[in-house]
Amino acid sequence: MKRALTVFGIILFLGLISWAVPNQKMGDLGREVAGNEVVKEKSSQSSDLNQGSQASADHAKRGVKNFWSYSGFANASIKHFLMILAGLLFLYLSIRHGFEPLLLVPIGMGILIGNIPFLLNSGMEIGIYEKGSVLNYLYFGVTAGIYPPLIFLGLGAMTDFSYLISNPKTLLLGAAAQLGIFVTLIAALYLGFTLPEAASIGIIGGADGPTAIYTASRLANGVKMWNGIQSANLIGPIAIAAYSYMALVPLIQPPIMRLLTTKKERLIRMKSPRQVSRLEKILFPIIGLLLTCFIAPSALPLLGMLFFGNILRESGVTRRLADTAKTSLLDIVTILIGLTVGASTQADVFLTTKSLMIFALGAVSFMVATAGGVSFAKLMNLFLKPENRVNPLIGSAGVSAVPAAARVSQVEGLRADPTNHLLMHAMGPNVAGVIGSAVAAGIMLSFLL
Amino acid sequence: MKRALTVFGIILFLGLISWAVPNQKMGDLGREVAGNEVVKEKSSQSSDLNQGSQASADHAKRGVKNFWSYSGFANASIKHFLMILAGLLFLYLSIRHGFEPLLLVPIGMGILIGNIPFLLNSGMEIGIYEKGSVLNYLYFGVTAGIYPPLIFLGLGAMTDFSYLISNPKTLLLGAAAQLGIFVTLIAALYLGFTLPEAASIGIIGGADGPTAIYTASRLANGVKMWNGIQSANLIGPIAIAAYSYMALVPLIQPPIMRLLTTKKERLIRMKSPRQVSRLEKILFPIIGLLLTCFIAPSALPLLGMLFFGNILRESGVTRRLADTAKTSLLDIVTILIGLTVGASTQADVFLTTKSLMIFALGAVSFMVATAGGVSFAKLMNLFLKPENRVNPLIGSAGVSAVPAAARVSQVEGLRADPTNHLLMHAMGPNVAGVIGSAVAAGIMLSFLL
Amino acid sequence: MKRALTVFGIILFLGLISWAVPNQKMGDLGREVAGNEVVKEKSSQSSDLNQGSQASADHAKRGVKNFWSYSGFANASIKHFLMILAGLLFLYLSIRHGFEPLLLVPIGMGILIGNIPFLLNSGMEIGIYEKGSVLNYLYFGVTAGIYPPLIFLGLGAMTDFSYLISNPKTLLLGAAAQLGIFVTLIAALYLGFTLPEAASIGIIGGADGPTAIYTASRLANGVKMWNGIQSANLIGPIAIAAYSYMALVPLIQPPIMRLLTTKKERLIRMKSPRQVSRLEKILFPIIGLLLTCFIAPSALPLLGMLFFGNILRESGVTRRLADTAKTSLLDIVTILIGLTVGASTQADVFLTTKSLMIFALGAVSFMVATAGGVSFAKLMNLFLKPENRVNPLIGSAGVSAVPAAARVSQVEGLRADPTNHLLMHAMGPNVAGVIGSAVAAGIMLSFLL
Amino acid sequence: MELLLVIPPVDIKLGLIIALVGILIVFTALAVMSLIFNQIPKFFKNQKRSKLLKEGKIKDHEECCTDLSGETNAAIALALHLYMSEMHDMESNVITIEKVSRRYSPWNSKIYGLRNLNFNK
Amino acid sequence: MELLLVIPPVDIKLGLIIALVGILIVFTALAVMSLIFNQIPKFFKNQKRSKLLKEGKIKDHEECCTDLSGETNAAIALALHLYMSEMHDMESNVITIEKVSRRYSPWNSKIYGLRNLNFNK
Amino acid sequence: MELLLVIPPVDIKLGLIIALVGILIVFTALAVMSLIFNQIPKFFKNQKRSKLLKEGKIKDHEECCTDLSGETNAAIALALHLYMSEMHDMESNVITIEKVSRRYSPWNSKIYGLRNLNFNK
């Protein structure tokens, strides 16, 4: 009953204002404001004001009306409300259910901020796509591809590659899970995307937000030309899809993992990881940088920063730099990238058939990647001595989505055998997946830039 | 006596140098250097040097003279010394008396830095208004309006809205205190400012530095046109006035508060605030964002960031982001905004009649705002049941100036009754004032952009 | 034997790929790729692909070949390997031997990142000198001279000037050690550098990385014109030389110090420093700022920030700002400046005769500076009462290189007398050296900008 | 002041409109927010109350979910007083009053101690 | 969808090439890395072993530098279990498992305590 | 080197001037600063001394406000020695010596404990 009162209060308020603005009906909420007309109306009105020939009550009414035309109520469309609902959903899932909150809370709030309806092209400098607005300045870090490498710097400073070093063959699982990328690339081409767009969409299957954003900012940025066709700006949908599915990894992967493995395989116990020396940990980022970037120089902005961050961590003499890279710097960039990626979903840009197709392709991509990792683990086992076999449940961790995918492996492992902890074994393919998808991105950038 | 020695030492030093530069008298200190002439002199001299026809002692003397012409001593004017005194005053007040040190120390030092006299237009890239200088790059965060929203992000991550949520009617006090903004707007118009300038000056009455800077960067930035007249660049004076009066809140408000209240009113005890649930705290930034920004989309850069910061804080799952937003990020932006706002008071730009008028209007603005808050609290009491009445002393806290204004309420409350603590009641209108002035800014931007 | 296996594995891998790309021989590694031709090849190939007339196996081979032409292997030259070796050397010295790791680890890794060979001018946006690349955006902080002042801000917030204040005559030692700067300036002129280039090279003798980078970014930036000649871009070599010699201070200074002092002089015990009041500490940055910047306004970006940071530290009321300035902010800028300065050594730009000469001049510069400081200390002793004499071993600390040079004084002092601790006495000239070289830089900028 | 001569009277008129509309809308916005947040707790309380009623944990006439007691309030007041007397020492432009919250960090989890002992060098 | 009409078949062909070459190269890159890091510890172990042999600390047939024992592994597994059960509480997009390392800070060095007492105000 | 041919002799001359003027001015600047900071403590000491004299707390011939004693110095020296022997372990490009200062934080104020107990959920 009290709830009704609240709703009633709001309706009353809206009613009062709409009464003051008789020419604009509430039913108009759903229409797209034709920006120019209102602006014209404004200027004619302000010249009226200049003549100063009407009564002042009339003036005030016109003032309110003018103000109203700039408000969110006057410019809202059904699309805005849909996006706001999406933002609220993101906030709900992340806050209530703990799905990747560090990413989904900023993105969710960003979606709300980006979908407050306002009068487009009115020079108010609000919208993220409006030159000179604050959001537009912050968004530059996305479009110029600056944020993703900085995030990789922080991740490098945060990541312990010990598990990978102690069991290097799990690197291959990280490679196998990139299958999703290339399958999706082909699928996207068949759905009519241009090659650069398709490559960007494929990267969603890498399960790595920053890599997806970086690739999209280079290939599907609304500017890139390919065979005379301008690419669409797909950064927003790709980023949202990548992060959404990363959050949904605990729901997407298990069925596929169970489908592709036998009970016996799920019970495989792996050898405990060996001790890794400090020297190995120091050599890893150096060799990793030289090797991967000699092969795919286009991956340099991502992998260079990842391994740079890691050497800050492992050198033992630059701890304060590593600490800052993985705390303040990473947090600041996370806040900004989440906010702007969320806000970049401005309804008129985001709600297109393409976005829907990207979401569909993203789901496929994650599934293929999971299947790729698990299957390849089974394939490897054919060639390995029994005591060296890998539990195929850790293959799915190759999609990256660190550390969510590794946890899925652990949970599924415990389900089969409550004493068989796979987490540390799964961390190997998991961080290998980060490297793998960055290499894959580098390869596609080499071909398409 | 020793003091005299020091002074003597300095005079001796200056004397020695000025002896080496016989054509330039010390009395010239007060004149404005006509940049072009000195530069011309330099180039002719350097061509002299190229001919290499004079003795080298002569050369060295000319070298010193040339160097002298670029020094602060040769370019100083009485205006510079006035501004340096102002900077020292800011430092003194903040360090010795603790007036808002986090703002006034950077601003004070910024004033010194911005008023080191140098040869204008000599390409040395020092001055804050000189393209390519470091200060100019840092100042971009002010002129582009980027710093204020980032500060609001930090404030949001720092602010506990519990008190406001537990007693929502204090939101109205935060609205009432915005009276100062609109009264000052009219007063500024009468003093001859253009409408956008007047609106920016009015916002000083919001007692909110970032909001004032953001509004001025949009409306009184030296570029904005209105009715064919270019606005002056008033960002500096407005910011300095806003922060000065915010620091002086403990001196400005009490007399007005006592004047407008009876002893009996000052003794009113308020009900203790009720417990606020976590859900309410999470809903607050979401509903606050949607409601205020639907009404005034132009307030989005400020309020969007404020509520974004607050949800990082209250969500409970993004603590590390909230921590960084309210520490490192807030500190970095505070350092940069303080420094550049201070340095933007470069004597030749700052010391104008307009700045003086802005300071006068700012004082009026704060007084009206205080009176507005207190009076409205009294008005509210007419409609409230006795047990729900508010102590009008908390009305003054509606000016924002968080938490200084709330403390003034507390101190005045204790003066009337040493056991009546108003601080937590005053926090409600205090943070409401932040929202209120951002909405007011948004409204004016909607009208004037 | 296993080592051979590893090497064999790599060779096998390279062999396999090069087999797939028969037209390009491994011997080509050393050649400079003529960018245009490969690009042309690519476009003709892609038009071939468009005709779709060949078999798909052939296609795949061409795809690999095309990819290969973009890889580091195809574009590597002997220069790249030399630079990579240099980077590895930096990493080795800093990690294994602890030479200035906070600078040399980022620089070393930056050298690796900057010398991954890639196809120049192919639009891949990787290289630091390529417009639009991430490294190029980050490098802007170097070329625009933004990072050095921010580092000075952090250093100011970190530096305790007590020792200097308690024994002000050590300021003169900080002045004397700047001799290296001016001697090197002349030497560089004789080696054929233009005046602005020579001035930038001279600053290496200031033993102060940020000051050297700032000066070079203004005077030897590849854009600056002087007498109709465009300066070379020497930022990279100058920065690398400065930091290298700063790391080598413990090796460079001791022989010179011993050469110039008698055993008796090295035994001099200095009076313990007096207590410094808080007021003095607060006055120091204010007076220091006004005095030095009136004399050399061009030093404002450096000294202004240094003293600004210091007042944040000493004011006692802005601790959180000082804390952030000397931790997060300093770390972030250190990471970025180290990385980009390292990466700016891109082989084709860096490996020139000029770089070699700069390294030679830098060594001279450090030696002269050390000698200057020590000699001047001896000169001062001639005029001081016996109880006030300074140990000439602290003269060498005047080169800045804080606190490495002060430690060298301490170590040498202990070598002469194991109970004579000079560290705190050496901190005075050490921090004075920072001020001295910034003033020297300012003077040269005044003359040459 | 010469400036006074330049004022276009229309600006005054438009200024007055902005001021009127502005104060009106600021009040409206904050009043609506006030209204909403006034209702929210009642809404939740009712939900909670009917749930408790259903479960029989409270009787029909009993209050549920009461506000803070007087003593609590007094304690807060005292604390505030202490807080105020330390005021001069605090950094003051920043807002507000925060609970000291124990903060979970995975780095403190027991596993790390163990790993530290025997797994990593 | 109308989009389907626009697909240039050549893009498909080039796409297939990129996909094939891409997966091949990703595998090659990670396989080479795997190979290298497989060899590195053996290389170091051999060095260490021959050094120990030379110094006579181990005999010719003895193993050197063994891997972790079974008990260690069990302990880690238990710890992991504890870790997983606290999982819901941690901030989760961030990687990984880190040792708590005592961190040397010069500020804690004894000198400062002393200076604090008698040198600076 | 070919470069040697390009040197314009005027640059050398101007370079010499800059060098001379430069070293002169660097010395002047730091000397003036030295002079000022030499005087400041004497100035304050005198102020303090005359104040103490006026208040009769010291007699005319007594010293006031002495410097650190020899023992203090020895203690510092020892501490420095300890400090130096730990040197290899510290992060070294950063300056300086800082007191460990107790840092007032409003979050630790007693109020928060209280609020924590009974005011917020």
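Brief remarks on what is shown
Read from first to last, the chains carry the letters A, B, C, D, E and F; within each, the first residue is number 1.
By our rule, contacts are C-beta pairs under 8 Å (C-beta built on N, C-alpha and C of every residue); 3 or more make two chains touch, one makes a residue touch a chain.
Keep in mind the model is a prediction, meaning the values are calculated, not measured.
Chain copies subunit D and subunit E are related through a rotation whose angle, from the C-alpha fit, is 120° to the nearest 5. Placing every chain at the mean of its C-alpha atoms, the farthest one from subunit E is found to be B. Counting the residue numbers that touch the partner chain, subunit A and subunit B have less than half of them in common. Two chain pairs, C-E and B-D, are compared here, and B-D has more C-beta pairs in contact (counted per touch definition above).
At the far end from subunit D, in terms of centres built from Cα atoms, lies C.
Between the Cα centres of subunit E and subunit F there is a gap of 43 Å. For the pair subunit C and subunit F, the distance between C-alpha centroids works out to 25 Å.
Once the centre of each chain is set as its mean CA position, subunit A and subunit C turn out to be 37 Å apart. Among all residues of subunit F, those that touch two or more other chains are 14, 16, 18, 20-21, 25, 28, 32, 35-36, 40, 68, 72, 76, 80, 83, 91, 97-98, 119-120. Counting only residues that touch two or more partner chains, subunit A has 63, 67, 98, 101-102, 273, 275-277, 295-296, 317-320, 327-328, 443, 447. Partner subunit A is touched in their complex by these residues of subunit D: 9-10, 13-14, 16-18, 20-21, 24-25, 28, 32, 35-36, 39-40, 42-43, 46, 119-121.
Subunit B contributes residues 63, 66-67, 70-73, 75-76, 84, 88, 91, 94-95, 98, 101-102, 105-106, 109-110, 112-113, 116-119, 122-126, 132-135, 137-138, 327-328, 331-332, 334-335, 339 to its touches with subunit C in the complex. Here subunit D touches subunit B in the complex through residues 1, 3-8, 11-12, 14-16, 18-23, 25-38, 40-41, 44, 67-68, 70, 72-73, 76-77, 80-81, 83-84, 87-88, 91-98, 103, going by the rule given at the top.
Subunit B makes touch with subunit F in their complex at residues 1-3, 5-6, 9-10, 13, 17, 46, 49-50, 52, 56, 59-60, 62-64, 67, 162, 273, 275-278.
Across the complex, subunit A meets subunit C through its residues 144-146, 149, 153, 218, 282, 285-286, 289-290, 293-298, 300-301, 304, 307-308, 311-312, 315-318, 320-321, 323-325, 327-329, 443, 445-447, 449.
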